[in-house]
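Below you'll find the structures, each written out as structure tokens.
Shared between the two complexes below is subunit A, which has subunit B as its partner in the first and subunit C in the second.
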Partner chain A sequence: MLSPTFSHLSSWPARYVAWSRRNIFVTMCATGFSLIVLAALLAPFLGLPDPAKIDFSVKLLRPSSMHWFGTDALGRDIFSGVVHGARISLLVALGVVFMAAAIGIPIGLISGYAGGWIDTFFMRISDIFLAFPPLLLPITLSALLGPGLFNATCAVAISWFPWYARIIRSSVLTVKSELYVQSARAIGTNPFSIAMRHVLPNSLSPVVVQASLDFGFAILTTASLSFIGMGAVPPTVEWGLMVASSRSVFLEYWWTAMFPGLAIFLTVFFANVVVDGVRDSLDPKLRGQP
Partner chain B sequence: MTQGLAIDNLALEFAHGRGRAAAVNGCNLLVRPREILGLVGESGSGKSLTALACLGLTPSSCRVSGSVRVNGDEIVGACEATLTNLRGRRIAMIFQNPMTALNPYFTIGNQMLGVIRQHFSLDRSQATQEAAAALKQAGLTETALNRYPHQMSGGQLQRAMIAMAIACKPEILIADEPTTALDVTVQARILGLLRSLADQGMGILLITHDLGVVAQVADRVAVMYSGSIVESGDLNQVFSATAHPYSLGLMQASPVMGMGRRKLQAISGVVPDFRSRPAGCAFRDRCTQAQEVCALGATPYTEISADHQVRCHFPIGKSQGAELT
Partner chain C sequence: MLGYLLRRLAMMCLIILGVATFTFVLSRALPSSPVEMMLGSKPTADQISQAREELGLDQPVAEQLGRYFFQLAQGRFGTSMRTGRPVIEEIGQRLSATAELVTLSLFLAVGLGLPLGILSAAYRNRWVDHLTRMLAVSGVAVPVFFLGILLQMTFYGGLGWLPLQGRIDSIVMLDHPVQTFSGFLLIDSLLSGNTAAFKNALIHLTLPTLTLMLASLATILRSTRNLMTDVLGTDYIRTARAYGATRRTTYFVLALKPTLVPLLTIIGLTYGFMLGGSVITEVLFDWPGIGAYVVESVVTNDFPAVLGVTLVISTLYLSINLAVDMLYFVLDPRISV
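What follows is the complex of A and B.
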């Protein structure tokens, strides 16, 4: 897994420590990201106040020991909102990436493997999707589907699947001409199992890289949708929605927008750094370089 | 019904400009059971394409005509489902480069089981037994079942590939340069393995450009030049009474161990591109014996003695112009 530079170290924890020393920045971001994931997992068990509970008696309080990140215009605890929002954001990001891959991979596989008019048909459809500006299509689709987090997830996934379809198609085209595919045909393997067992697994790695890079971007896109009212609807606690609801007050009460915004920024940032770092350490061409 | 693999007048054509150009033209071969037929020829002579045609695996741009029959079953023009059933079960192929011919993601066993269970209705343990038996026959142990391709050496991989090809007990095995990527000691063992498979009843088409390999294991030999068979016959006949000038050129161009220092005779010129092949005999531009008649029409494929055919107007060792039919 890790660079061969450390292969002299026998146990994997020792190797991990050595790797971390060289990639201190990636390690820090990984720690930060793990904390966010942990917060998301443990949110209901931390004894935090209900993030959706409206209490006007405590509205717009400054950050204090009672309310670490302060409260918003409706008296909701922002710290609790940020922690609970992590659940939603991470889940939605996973949902987007999985859904986009689940639509894109079969289409790309069929296109690349079958070729001919099937290929042309699917790829022209993809082209239509890719012809829209990046955020316009999710906005249009969510407007059609109606607000709600699930609809927003679907909207983003539907507008992203062509990327996955294209990536997998291009690697299927390469893998299809590999000798082991031909040799599988020569011993009578049926076309379905050639596609599923020989072509698909060998074409998957670029999509995995793309999916992990998209993870951060998916958080950002759904938060943007929520911000403009196309995504999560109250009482769901979502980072983009939290930023949106602070619009009218954040000039005076900075904490209402800053903490949810910071949560979005840090999560996306950590996710991208970690994915980049892991990808680099798995890439044989970059191994052994500082 | 002819037993074994019978190739009759096989022609493989590709679109070229307004017309078509034949990469393989007039290929006649017969591989009988219990027999190894060595198919020799230079790079680009159409050997591998012929092999692919035997499995119906030619590229879609290729137009196939003629006939390829496996124990009577026609391959040319058969539908994909028929071919999938025939491949592996009746006729199988092993490829030149074992390092890239196995899927890196699955163990050898996994890849073998898939094929075995597709051709026979066996449960997992029975199929595993079959796979283990095939591996053993190919000279590997059962432990290879759980190995990934990257954990094995080139020779082991070639054996694994042979095991995979023979796991469904095909009647015909096509080996496309099976030893080219291997060193000589491993090569000798693989050839021994092919010989023993033939002795057990399989018909083997061994494609190679190494005359030494052919001399070592083949029963019969066919020489291919620019898409057609120019000479074929019993191994001893072809090697001792070589009739086609091209075959003779090939033999003079190969070094012989223990014959002392001698200058190897190269055949002058290069193989003509199949898109611009001269009319008449394709070899005539490089041939020392060529006369006007060689440029006129297709050269007939004639039998010069029992089980020895040659495609030449002036076969060596015969009086000039004599054509025996």
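What follows is the complex of A and C.
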């Protein structure tokens, strides 16, 4: 479903082409993002050198036809690292968002639907989580959980779930008073099946929007954790870790920091523009605006 | 109003107690143990049990928690395992460095973001608007550490204009010692007429401030622009224009006022992001603030320090949120409890 402005066009490819023409920038970013996803999917089949292989005989080489993005202080191929890093970063970001939603949605649903002391209990707990400024809770949690990318993913997800719980809760509160929910209750449907079959599906969309908006932010947060040594550990090849390992040499050998850094920037940039563009074209309030 | 404030303050104290309990219990429940940190590699079983006894780790968690609260009530956070000094003292020394960095960044982000946002709204969909949109979209997508590295590459590595890291050169500090009034080097050196130290502190502050500021600038700019655009489309603005209100009055007084309240929320949120971003910035620029302290403590498993600094930062964060909520009453007389 695109914008209704194009509804006079019969087939969906025609409508898609019309939408793309009007949103050239979004389409370009979508193409860029697709390329990154493609690189992530195909990384092991491209015949690239092992991104974790240490070889001091080729350390700190300039970008060349042999090593497109040069090599780092340990002689690892940076192009291969950037391509393989896409796998890790996208996977971790998906992991964060899904895990946060998987914890937040049931809590928000129970809170909003049950109300009373259950609601108070869960909301006070989420208050504690929201008392930490962003990034501080992931840092503290991953410190306590220990290093490693999986722990960092969990740490970020645990820090974010209260946002999802709150969003779901507030839409559950609205949906709960809808006529169809009241009717279901009036004919004696059991509360569990009302919650699962009527309330949940109808209160899910704000959380889906939030999750897709958070995708880029999840990449940034986990890369930041890796950068300060609280995320990925070698031999995992991760963009934030690549930038971190270039810290002692980047002033003379700019490519060691530039390419992994640019990879993070472009991925987040593309993801944000695409999500915003799609959301705008689905939002009835913004339709027809330039 | 006073009642509301008191209720909020009581709530805040409860949340802080919750935070303390949460972090303390986690630190005791999770595997990485403070004992190993204290004893180094390969301690004997005797050493371990002795250390556990000294630290009170052999007691039940509830009892340890009680003792921790008792200690907190006396204003003590315990001793750092890394340096052996009281945690509260170390945090106190470092707080002013972070405060200086964050305050300056926030002022700059608001000072630049607000006018640029108004400008973009006034010239909607013209080149200024497109330019600031690009700036805003890039600003939230660039990782803080990468931005800092790019700035270091350009202004230290390439141009050699600005120092790489640190807060002030130690040689300047020796030749022109700065008396401490506020803890902010810029203010203190200015008050005592110490221009050499002022200049040196300023050039050290430039890059970290720019690094920390950009994401917040982007957010504030974009929100101002969007809020302003909504207001500019309303009837009362059109009426005011018809009655002959100048463009300047329209943009900076009539339309700005209603955007200030939602903008305040965003600035409050931005402040939280800056406290988080300061961790990365301080590590990158070797800035002697509490952000870098968090990382140093975490890396060395220095539990009393981690718990203490977490508590201080979240208290700070909650207080700012409360202050922002209180400002609503000042800005908008229609809001009441």
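Definition applied: the second predicted complex is superposed on the first by the 290 of 290 C-alpha atoms of A that agree within 3 Å, B and C clash if a C-alpha of one lies under 4 Å from a C-alpha of the other, contacts with A are read in each partner's own complex, and residues count from 1 in each chain.
Definition applied: contacts are C-beta pairs under 8 Å (C-beta built on N, C-alpha and C of every residue); 3 or more make two chains touch, one makes a residue touch a chain.
Computed from a prediction, not measured in an experiment: that's the story for all the values here.
In the three-chain model built by superposing on subunit A, subunit B and subunit C fit together without any clash. After overlaying the two complexes on the shared chain, residue contacts for A:V268 are found with subunit C alone; subunit B is out of touch. When the two structures are aligned on the shared chain, A:L135 is found in touch with subunit C, with no touch to subunit B. For the three-chain arrangement built by superposition, the Cα-centre angle with subunit A at its corner and subunit B and subunit C at its ends equals 100°, in steps of 10. In the superposition on chain A, contact is made by A:P201 with subunit B only, not with subunit C.
Set against each other, subunit B and subunit C touch different numbers of residues in subunit A, with C touching more.
Of the two partner chains placed around the shared chain by superposition, neither subunit B nor subunit C is touched by A:I24. Measuring only between alpha carbons, the smallest separation of subunit B from subunit C in this overlay is 20 Å.
With the contact threshold set out at the top, not one residue of subunit A is in contact with subunit B in one structure and with subunit C in the other. For subunit C in complex with subunit A, the touching residues are 14-16, 18-19, 22-23, 26-27, 30-32, 125, 137-138, 140-146, 149-150, 152-153, 156-157, 164, 272-273, 275-277, 279-280, 283, 294-295, 298-299, 301, 306, 310, 313-314, 317-318.
Residues 55, 57, 80, 84-89, 92-95, 97, 100-106, 111, 114-115, 118-119, 161, 164-165, 167-168 of subunit B touch subunit A in their complex. Across the interface of their complex, subunit B is touched by residues 178-180, 182-191, 193, 197-198, 201-202 of subunit A.
Residues 124-125, 127-128, 131-136, 139-141, 143-146, 216, 220, 223-224, 227-230, 240, 243-244, 247, 250-252, 254, 257, 261-262, 264-265, 268-269, 272-273, 290 of subunit A are the ones that touch subunit C when the two sit in their complex.
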